[in-house]
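Each structure below is given as structure tokens.
One chain, chain A, links the two complexes that follow: it is found with chain B in the first and with chain C in the second.
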Partner chain A sequence: MEIVGFALRRLLVAIPVLLVSTFLIFLAVAKSGDPLTELRERQPPVPPHTIAAEEARLGLDQPVLQRYWNWLTGVIQGDLGPSVDRNADIGMELGSRLGITMRFVLIAMLIAAVLAILVGVVSAVRQYSWLDYLFTSTGFLFLAMPSFWLAVLLKQGGIELNALAGQTLIYTVGDSSVIPPPTLGGRIADLAGHMILPTITLVLINFAAWSRFQRSSMLDVLGSDYVKLATAKGLRRRTVLRKYALRTALTPLVTVIALDFTAVFAGAVVTETVFQWRGMGDYLLESINGRDVNAVMAWLLVAAVAVVLFNLFADILYAALDPRIRRVR
Partner chain B sequence: MSADPPPVPATAATPGQWRAVLARFRRHRLAAAALVVLVLVALFAFVGPLLWRYGHDEITPDNSQPPSAIHPLGTDSLGHDLLAQVMRGTQQSLLIALTVALGAAVVGTVIGIVAGYYRGTVDALLMRLVDLFLTVPTIAVAAVLGHNFAGSGGGWVLIAVVLAALMWTSVARVVRGVVLGLREREFISAARALGSSDLRIMARHILPNVAGPIIVSVTILVATAILAETALSFIGFGVQPPDTSLGLLVANAQSAVATRPWLFYFPGLVILLIALSINFIGDGLRDALDPTQTKGPRRRRYLAQPAARADAVPDDVLLSVRDLRVVFAADGGDVPAVRHLDLDLRRGEVVGLVGESGSGKSVSAAAMMGLLPPTATVSGSIRFAGQELVGLAEPRFRRLRGSRIAMVFQDPMSSLSPVHTIGDQVAEAVRVHRGCSRAEARERAVELLDTVGIPDARNRLGDYPHQFSGGMRQRVVIAMAIANDPDLIIADEPTTALDVTVQAQVLAALRAVRERTGAAILMITHDLGIVAEVADRIAVMYAGRLVEVGTAAEVFDHPAMPYTRGLLDSVPRIDRPADEELWAIPGSPPTMTALPAGCAFAPRCTVRVPDCSTVVPELVPLTVGHRAACLRLTPGGEPLPEPATTTPIPERP
Partner chain C sequence: MSYRNPHRRLRAATAALALLSLLAACTGGTGGEDVGSGVQAGQVDANQAKVGDGGTLAYSIEVDVKNWNILHATGDVFGYRQILNPVLPHAMISLPDFTMAKNDALLTEAKVVKDSPQTVEYRIRPEATWSDGTPITADDFKYTWQVQDPQQCATCEPATQAGYDQVASVTGSDNGKTVTVEFKNTYQPWRLMFPHLLPAHIAAQQGDLATSFNDYFSTTVPTWSGGPYLIDQYVPNQSVTMKKNPKWYGEGPHLDQLVFRILTDERQAVTAMANNEIQVVVPRPTLDLVEQLKGISNVTTSLASGLVYEHLDINTAHPALADVALRRAIFTAVDRQAIIDKTIGQFAAGTKALGNRNFMPGQKLEGVDAYVDNVTSAGLGDGNIEAAKKVLTDAGYVIGDGKLTDPKGKAVPPLRMRYSKGNQVRLDTSVLIQNQLKQLGITLQLQETDSLGTTVNTGDFDLIVFGTNLDVIPTATAQSVFGSKGTHTGYQDQEIDGWVSEAARTLDPQQVIDLLNKVDARISEQAVTLPIYQTPTLIAYRSDFGNVRANPTRFGTSYNTEQWGIKSDG
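Let's turn to the complex of A and B:
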């Protein structure tokens, strides 16, 4: 299968990139300070052998290159290493948090992409109409909007809406209710209800740039010779737009969305802190503050693998959409 | 957080051009206004604190005050004056963002130019480096590093360095893209041939030419940096208290949106205002640096004013154009593209429509196909097989297109859809106008591709255009044009984009098509050699007007209009001594917005008389069917004297 070979090659290319990036970040986090400061300074003092044992558990007594090597070999065997927090298992913790974050990131990206295509195509086809002006000015507004400010604004809106209604219409805090509803349907509705505001935030700050991009690539295609030739064949404008213009104008957006995945993820980190989700963002900030090297590394590894997989998916999609790419590589 | 701006084509950089860029930027009202706003914000941030009575870290006795005369933006719960804090926060944010942009610009430009210039291994390695930075969410790494530096008291400089180190990739990607395209251009090759060192070429020849794209992407980067810094400070890994930043101010106000809304809204709105102005400035710069992207006037439908016609069109005349005028609305006023064109085409006849680029020949063709852009106003009459085309309703026009009038475009590389198969595109041309099945359409497609000389047509139906050579693609386009046995084929420079040897093959295909289908062909070209080979009659256009028309033999043997003579003399010819200098018409075609009052060719004409610059010459009949527009010609009279060289039909090599 040619697409499988393509995918494998792409993954192989990503491996050296991952190695270098994990090494650099490992150095940065390891140098960021002593995770045991709090333990050392505790009053009354903790016995030195306890501290020494903790140092040995976390590998702090070894040189940093050795620590990276240990970490790397551990990761390959599926061991993400010990956490500063004795009771936490990094893998378990990340697994549940990844699920929480990805469920709104993916849905937000999907909605934002569909919205961007619609808005971009309509703006291009109806260039200089009032609709185009409306979309363009909203686009510029959200392009300039700080994500955290928008998140707080929406949260406040939700709170005021609830106050007006006298009951919780829309959840503004957390990723699910503390006491989950008993039924499965109720639980799904609960999760969905908590997702509304964070998802809207993420959609709004991302669709703007994408719709601007879609508009300009659609305009390029509309001015292209093959669209002119399709019209000269006697095709209906509707057919020309759908079959020739939209189809080719979509491919560049795929790349842009893939490249923007890290930005969406960053936006999700900020959005989560506002809505107090116990997701990836929360875990990152917690781990950095606790100088928990292994936790930060695991976080970055998961994020990097997600980026690589996402880019791979985009490459495959691109190859499926554009026959010129398929045979070249 | 934003997509890359579409790359701006490189503009050659001279001081005069930069002045023009500045002028265009000033005309971009929104961008100019945004620049004013940004300057005001900068004054507010850098000069304001010197004038304002409270310091940003000063604790006043008035805590949690709403906006008042004493505290125009109110105070926070500790009694800090919010105006002073917002000024300080804006200052910090702007300092960081500008430093980031500057740092990213330097690093990104150097890496982008080196990667694009050396290509190969260097490029591959540097692009892997870019990948590295794209693999990890910037904010996470910035948070890690920001946490590292938080205790060190480095303040805004360290944050700026961290963000710049993470954000140079966008500049590098844009620059590399432009340099890759630039490297093959003549002036770079010339510099290399002259022995300039690589460093000198990059600094002196490449850098000025990527300045435009760099300026645009760095401007946008300032906005991205502001948003990144405020987000970083918001989550607690950026600017640290007791200093403040706009992001930190919003973070502190999070829980007080309802009780002390001023604390939340003012800093947030300042961020929004800054980012918005920068984006508008970036937009204005992009338009100013790339004049080809200037937005046209905003009209949505082209206007058609058909002229009433009393004359009867003879039966054997397929296409009869009378007094055709096409005017484009543009920012600088109306631009006439076609002025009073009269032209007849008989059934099965091949007419060569000749002229320099900008003479109006392609626009005339677009008018005949109903493919004029929305900015056009067309008037006059185009009678095609008894039907008036000027002002014809779109659904009826659509039924003519591709069935009775077909078109072949100039560049076969771009006129086929890259994502649809050849078979699909040809069969579609058949199916649009015939209610036949897919299988029948495919059979017909094979037949058509055979006709135009595509070898092994049946097995190539599933191939995509990129698997075909240029000449083969043009044959495919011709196959599509003849799919429904049209009465008229308009070929707009069908061979210009092709190699000379391929040109001959494509012309042969067109000739074969004409013999088989009996279609009339309007061959638009600036290449007289092609016309000589295929045309029955020749029509010459200059500055939107028909200046000479006649049989091919008449026009080549006795060119009457001085412009036609100039054209013929400027063709390289096999029957002339090799060392004879090629004649070139002096001067250049007039600007269509500033046409001379009389004959448009007068300023370049070697035989002009004073009247030429005041009187517009009409077409004068010379012999049967041969007419030319020149004041010095008299009906049926003597040909012009001087620079008379008899001009036999040129042979193509």
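Let's turn to the complex of A and C:
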């Protein structure tokens, strides 16, 4: 019950934060330009009544504060408002985009986490060995490498590989072929061929940071008194590492991964652009380019909820692990 | 005005990287034979080849279709037209060489049969039907007219009413296969009308004119076709796949499947082309893109001069700029070739300064040459600083200490030069003009705008650089740009009003050309607008596909998809 109360308190604190942030972002996007610019600049000119109808549909004929109020009251009632794209349903669009992004973000996070744990543990256990130096320098290399750079290089590598193989194994755009192969095996290979490069990009970028974190955490634990005691009492090294050290050293990494989820989500903007996946990142850029206030707001709402939820998840995790936090009012 | 948003995603940051990596890997390509050898208008016989039946071609498009009705105001987007060109029947079609012709697949004849009242007759091929077997008839012309005429449908939201609001009646005879369009007043650019037809028999099942036009056709993926291809599958944000229309009444089509692949970032289309995931792309040309595409083997790259031209405009309502002498001096001092060489000339070698505001070099109107250089002959745009200084001193201006003083002894104030936010070429152009005018003692303060339309329409500029898209028959554009009702420069001229009105009512092409060139010469004389260059159109396609070519008009590259196919003649 203490944890439920704690969670509720955190949620209540999040509401004013969300209100202020949505207001500021609404103002920023609404003032960033006119979404009907293209329509107004058309040659031959678009009839004025058509432009007026679009202005009315998007609420552009109202003061910005009124527009924000309309948006806010609409959202409370489950209406995300009209999109600049006349036929687009923002809710439906977000739903499909979220699914596409989550498909490779979750897989990438899982692979990155497993790799980070393995590399971090080996690095810590074999500190200052050639293996540790190799992992450390590799980690720093990927940490320093911008994701778009890495993505472009990987694409080029994929094209070279295809040329060597004499057939298309790796694809550089989209999440699947427009005309899918007829066989099940072919379809699986097609999906894998589209997924491999964006996933590797996200994996390498995140694995680098997380493996450094895991190494540091593992080194702390290995130097602690209770691990030394366990070793001194004659427990097997593998048992000490697995049951005593690793379990404890994992806790901070789990928290970091939970908090990093939003960063991975944001990193997907670049990855999706380079690989042309029509996910959340692509939707954000498209909406900003189109000055589609309601679409941007809906995206940010999803992102904000994700931030709040994952922060809450991290807090609860802490609270579950450390009872002292639950008692802090 | 400029159609395409100059922004693009992360472009500046990644372009160099993409270029480096691509160039490193793709040297030794064989494509690009047309680039850099001088830029000309599109050619109707470019890449002409015998093609075989079968195969799939993917054409990269930058936008997903958000409105399936390309006659609707929000559906009139270049990318949407590319996708729907193979589906909608065309009565008239604009060709790569800037001519407007009847679509031979659909019509046997399209001509003026009576001058007063102007009456145009279209004869539809007897075999022309929609994909459900319903004949294409005068009813389709009538519906297409009604939804674009405010008197027939006040609540319809068309992209344009030009010409349709001048129609008195559309009637059918000969089982609807002969269409007679009678105009209220003579309408010279009648050939621009009916580029796309909508199916009246489907509209009739969807409510009144406004409901069917604004709602049904806008929101519904067409399951019907009156063109060579039929939409087989639409995957939102991903692709539109088409198959052959079994009821197509013309020659071809040859490809089994035609795919429009939606790639929102043009730079990614380059790697997709290198990996053979797409076979055709028509990106906005930049130095990076041209170089990258040229580096891909088995890809042909070509540039064609388009119907969009960049120009420098002066706001004559500004107190200092109301003086024609100052305006003439400014245009005399601007060196257009230097601007071209340092901007688009980097990738479109051979581009020359443009000498007309209504016609492009090589353009013909009904077979009559239309282009005349009215700019260089007026002594404008050659960067002649001494001549510019003489214009000023003859008018009583004084140039001294890097400052310009008007004949009344008052210093000419700094002038605001506006350009589109995020458009590097326009920024570079503005900086070059700023430096050129400094020699006359004129100070330009560069100021970007993120709403070009509003800035132009409200006259919120002293000088401005932007682009205008001409139609293949420019009478309507000339009226809206240079006529008193439309002028954004504040320059009004009753004689020009008379000439553009007369041009719009004249069916004799030579007379139209003469009138529009009189307008152009007057604009040069009054130094209101200085044309700089034609914006080039870039196309890249896999070299084994025939009959794919640049069409820099509104129809774009997909104007002839029924001819596309894999080359069979080696």
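To be clear about the criterion, the second predicted complex is superposed on the first by the 284 of 329 C-alpha atoms of A that agree within 3 Å, B and C clash if a C-alpha of one lies under 4 Å from a C-alpha of the other, contacts with A are read in each partner's own complex, and residues count from 1 in each chain.
Definition applied: contacts are C-beta pairs under 8 Å (C-beta built on N, C-alpha and C of every residue); 3 or more make two chains touch, one makes a residue touch a chain.
The model shown is predicted, which means the values in this text are computed figures rather than measured ones.
When the two complexes are overlaid on their common chain A, residue A:V17 makes contact with chain B while staying clear of chain C. Once chain A of one complex is fitted onto chain A of the other, the partner contacts of A:T37 are limited to chain C, with no touch recorded for chain B. Of the two partner chains placed around the shared chain by superposition, chain B and chain C are both touched by A:W149.
Of the two partner chains, chain B is the only one touched by A:T262; chain C is not. Touch criterion not met for A:R238: it reaches neither chain B nor chain C.
Between chain B and chain C, the partner in contact with more residues of chain A is B. Look at A:D282: by the touch rule set out above, it reaches chain C but stays clear of chain B.
Contacts of A:L141 after superposition on the shared chain: chain B is touched, whereas chain C is not. Residue contacts after overlaying the shared chain place A:P47 against chain C, while chain B stays out of touching range.
The interface of chain A with chain B overlaps its interface with chain C at residues 32-33, 148-149, 152-153, 156, 159-160, 270, 273-274, 285, 289. Listing the residues of chain B that touch chain A in their complex gives 1-4, 6, 128, 131-132, 134-141, 143-145, 147-148, 151, 223, 227, 230-231, 234-237, 247, 250-251, 254, 257-258, 264, 268, 271-272, 274-276, 278-280, 295, 298, 300, 369, 371, 394, 398-403, 406-407, 409-411, 414-420, 428-429, 432-433, 464, 466, 477, 480.
Note for the complex: chain C touches chain A at residues 1-3, 5, 7-10, 13-14, 17-18, 21-22, 24-25, 56, 58, 66-68, 73-74, 76, 150, 154, 157-162, 218-219, 235-239, 241, 257, 259, 261-265, 268-269, 271-272, 274-278, 450-454, 456-457, 468-469, 471, 476-477, 480. Put simply, chain A touches chain C in their complex at residues 32-34, 37-47, 49-51, 53-54, 85-88, 96, 148-149, 152-153, 155-156, 158-160, 162, 168, 170-175, 178-179, 270, 273-276, 278, 282, 285-286, 289.
Those residues of chain A whose C-beta lies close enough to touch chain B in the complex are 14, 16-18, 20-21, 25, 28-29, 31-33, 128-129, 140-141, 143-149, 152-153, 156, 159-160, 205-206, 209-210, 212-213, 216-217, 220, 224-226, 228-237, 243-244, 247-248, 251, 256, 259-260, 262-263, 265-267, 269-270, 273-274, 284-285, 288-289, 296, 299-300, 303-304, 307-308, 321-324.
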